[in-house]
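Next come two complexes, and both contain chain A; in the first it sits with chain B, in the second with chain C.
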Partner chain A sequence: MQTRQRWLSVLANSPPNALQTLLAPWRQRTEAPVWLRRAETGLVMLQGRAGGTGARFNLAEISVTRASCRIGEQTGHGWVRGSNAEHAELIAVADALLQDPRHQAELLTQLVAPLQGALDERRARDARQAAASKVEFFTMVRGE
Partner chain B sequence: MYVAVKGGEQAIARSWDLLAASRRGDPRLLELELAQIREQMRLAVARVMLEGSLYDENLAALALKQAAGDAVEAIFLLRAFRTTLPRLATSLPLDTGAMRVRRRISGTFKDVPGGQILGPTADYTQRLLDFSLAQSGAEADCAEDHDPLPHPLPNVLDTLAREGLIEAETIPVGDPEPPDLTRSPLMFPASRPARLQNLARADEGWLLGLAYATQRGYAESHPFAGEIRMGEVGVSVCPPELGFEIDIGAITLTECQMINQFAGSKTAPPQFTRGYGLSFGEAERKAMAMALVDRSLRAEELGEDQLAPTQQQEFVLYHSDNVEASGFVQHLKLPHYVDFQAELALIRTLRQQAADLSQQETRHD
Partner chain C sequence: MLHPAFKHPVDDAQQTFRSLLDALAQPLRLSALPCLPPALPGLSRGSAALLYTLIDRDVSLWLPSLPDDTLASLRFHTGMNLAANPAEADFLLLTAGTPLPPLSTLKAGSDAYPDRSATLLIEIEAFNQDQVIGSGPGIPHTRRFGADGLPGDFWHQWQANHARFPLGVDAILIADDRIAGLPRTTRIQEG
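== the complex of A and B ==
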């Protein structure tokens, strides 16, 4: 997966308050964003596939919020499911800063890595809890 | 037919106040918070999101609060709200094979690759009222295995598919854009993608009743629950400003793959057939009912007799939407005064005619 794809995924899958806390120091020391598009909530039609792998069908919509900003030379875009305007704007700001070669390395280790770590840990905990409910069924032999 | 009426503004405004007071109940008690509904009434929220055709837990919780817990009314509110939002994109097809599974069971194989994972299910509770829940309880302490569940978890039906024992479910040539019932009306015969969209939005009670009927003999489907899986699936879109696919967050889905009895022909040997259900959240009953009805509606393409109502597309799909059904049933409350006056005049005339006739006959005798 491309680096930018990966960080956008981590940012969208992280709680907005964690993202805000980790991003706060950079927001103070970098230029204020110029908003190309303030957060806007709309819909995305979710598609499934018949049988999971067959023909596409429209399942239902999902609310999605997007925002775009410019910081210096970089344009950042934020897309996140749900209607949290602040989350979309935080992603856009982080995406713009992450593209700036002056900040990228530091942001990857101080912003993206801890969020990724927390996300991995949440997912691993869910997967370990699920594994703990694995069951062994025994087929009873019928008496003659 | 109903007629337009004017007036009644004050009475209507007062009925709103009464509704608000009735919704609130005893004001000395704490008011429900949306987060409480979202977290603790998650199955009600899932139903409202699915039949309301909009995945948004907060909006569904608000709709449930406003509707005082009436699922069908909450679904109506959510459907109405979604019409106010622009559509920004279409997702990439949801990859349920890549689901982060929290529950996965099979009714067809005891040993499945990756195992049977019970997850959060009420299946093995005894359905005894738990009076300890009448008070605030302690947090449940969930055990953790040393090893997490493998990811991705192999699909149960793949084993049968590899041997050719079940019909293949492959992407049709060109991967055509499916019809969208929110933008174009349902036409018959409806394609399977159109039917699946209708069934996903369908009233759970309606689908459950029909699914039950298929099992009792009103169809020829002979089902087995091949696999039911529940967990988180990432939603991906490809925004034009980026030009590549991005993950915008995960949603909880339940998927049901039914295995049904065979179909074969002169050219193809008998194979198991499929029924498919996909629902939001942990709505397992809905996903299973959807899969059963998906299969019964495939009667025509599989060359089965279509004798049962559960196999008739128009009957099933035209009556599945609870917003439409509720609207048409409840519109009877609207003023039908003129219509009814006409009926009243007609029945009086008919009765007078009948009375006159019997008087004449008495005179003849």
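== the complex of A and C ==
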């Protein structure tokens, strides 16, 4: 189950264009999805805890788009932050194919791994940029 | 395995709801449902359309035993809450052959809130015109009506239900894609 969580996270955080390009050959090869729920956008309340341990509070509402489809025996669900309907549907298709044991290993290496690599790179770059702007504050000891 | 529901969830549910209002406003007159979803195992297409239209997580629904696929699909599309027994349910679906729970035991509302009552969705085999004569609001003069496959003493129980007005239950009869409304205001004369 942990792997499914991981690939859903990678798919949702990757740019839709990259996902579409990588998924295109698979969509031609496999049967067409039966749509259980076309993409629909709604609001979800984000909750936070101060410091990760404090009392729970409502942070803000964000828009979320979801879609679900069935390919063969597998049901795929796609949830993505924002209102990109196409992205949610791509994730649903990828999720359904990834659960199929016939395609899983190949898809994990050809679809999820490259997206994961790009994602890690992007995060490392952002972290570097943030680190470069870090400011250290010193307080002078009040002299006697 | 989950099954798809309405092709256009919002538009189709609204059209179905509109035709349901018409059916209840003109009791015992047959109307055809405008949008039908793909069939669910164990349910007629009309019942599926009504469930997708009426049921959400705020109401409780009583169902007879149905295939797992059907229950999973209904839960996925409607977020339904299943009632443990018929007396607690806001909506009850009776498929062909399900015994009728005594109407007097179902939620009938209270004097202050007669609307907090149960609605029955009853699947039947076919409509005919030779069981009963109905009259009341929404029926000019009288209307002849009949339904094959209704539980034996349904009309008898209905007369008791009508006598409790403003309390009581309402019913919708379903034969595949056609429905007829039977609100508690309708007087029924057998024969």
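A few points about this structure:
Heads up, the rule we're going with is that the second predicted complex is superposed on the first by the 130 of 144 C-alpha atoms of A that agree within 3 Å, B and C clash if a C-alpha of one lies under 4 Å from a C-alpha of the other, contacts with A are read in each partner's own complex, and residues count from 1 in each chain.
To be clear about the criterion, a contact is a pair of C-beta atoms (placed from the backbone, for glycine too) under 8 Å apart; a residue touches a chain by one contact, two chains touch by 3 or more.
Predicted, not measured: the structure shown is a model, and the values here were computed from it.
If you put the two complexes together on chain A, you find that chain B and chain C both fit without a clash. In the superposed model, A:Arg70 makes contact with chain C only, not with chain B. In the superposition on chain A, A:Met45 makes contact with chain B only, not with chain C. Of the two partner chains, chain B is the only one touched by A:Ala60; chain C is not. Using the contact criterion defined above for the overlaid structures, shared-chain residue A:Ala132 touches chain B, although it does not reach chain C. Chain A has more of its residues touched by B than by the other of chain B and chain C.
When the two structures are aligned on the shared chain, A:Arg102 is found in touch with neither chain B nor chain C. In the superposition on chain A, contact is made by A:Val34 with chain C only, not with chain B.
Taking every C-alpha of chain B against every C-alpha of chain C after the fit on chain A, the minimum distance is 7 Å. Looking at chain A, you'll find residues 68 touch chain B in one structure and chain C in the other. Across the complex, chain C meets chain A through its residues 1-5, 9, 76-77. Residues 49-50, 53-56, 58-59, 82, 85-94, 96-97, 100-103, 110, 115-119, 142-149, 151, 155, 169-172, 175-182, 192-194, 196-197, 200-201, 231-232, 234-235, 237, 239, 241-242, 244-251, 255, 257, 274, 276, 278, 280 of chain B are the ones touching chain A in the complex.
Of all the residues in chain A, the ones that touch chain B in their complex are 2, 4-5, 8-9, 12-13, 41-64, 66, 68, 77, 79-83, 123-135, 137, 139. Interface residues of chain A facing chain C in the complex, by the touch rule stated above, are 34-37, 40, 68, 70, 73, 75.
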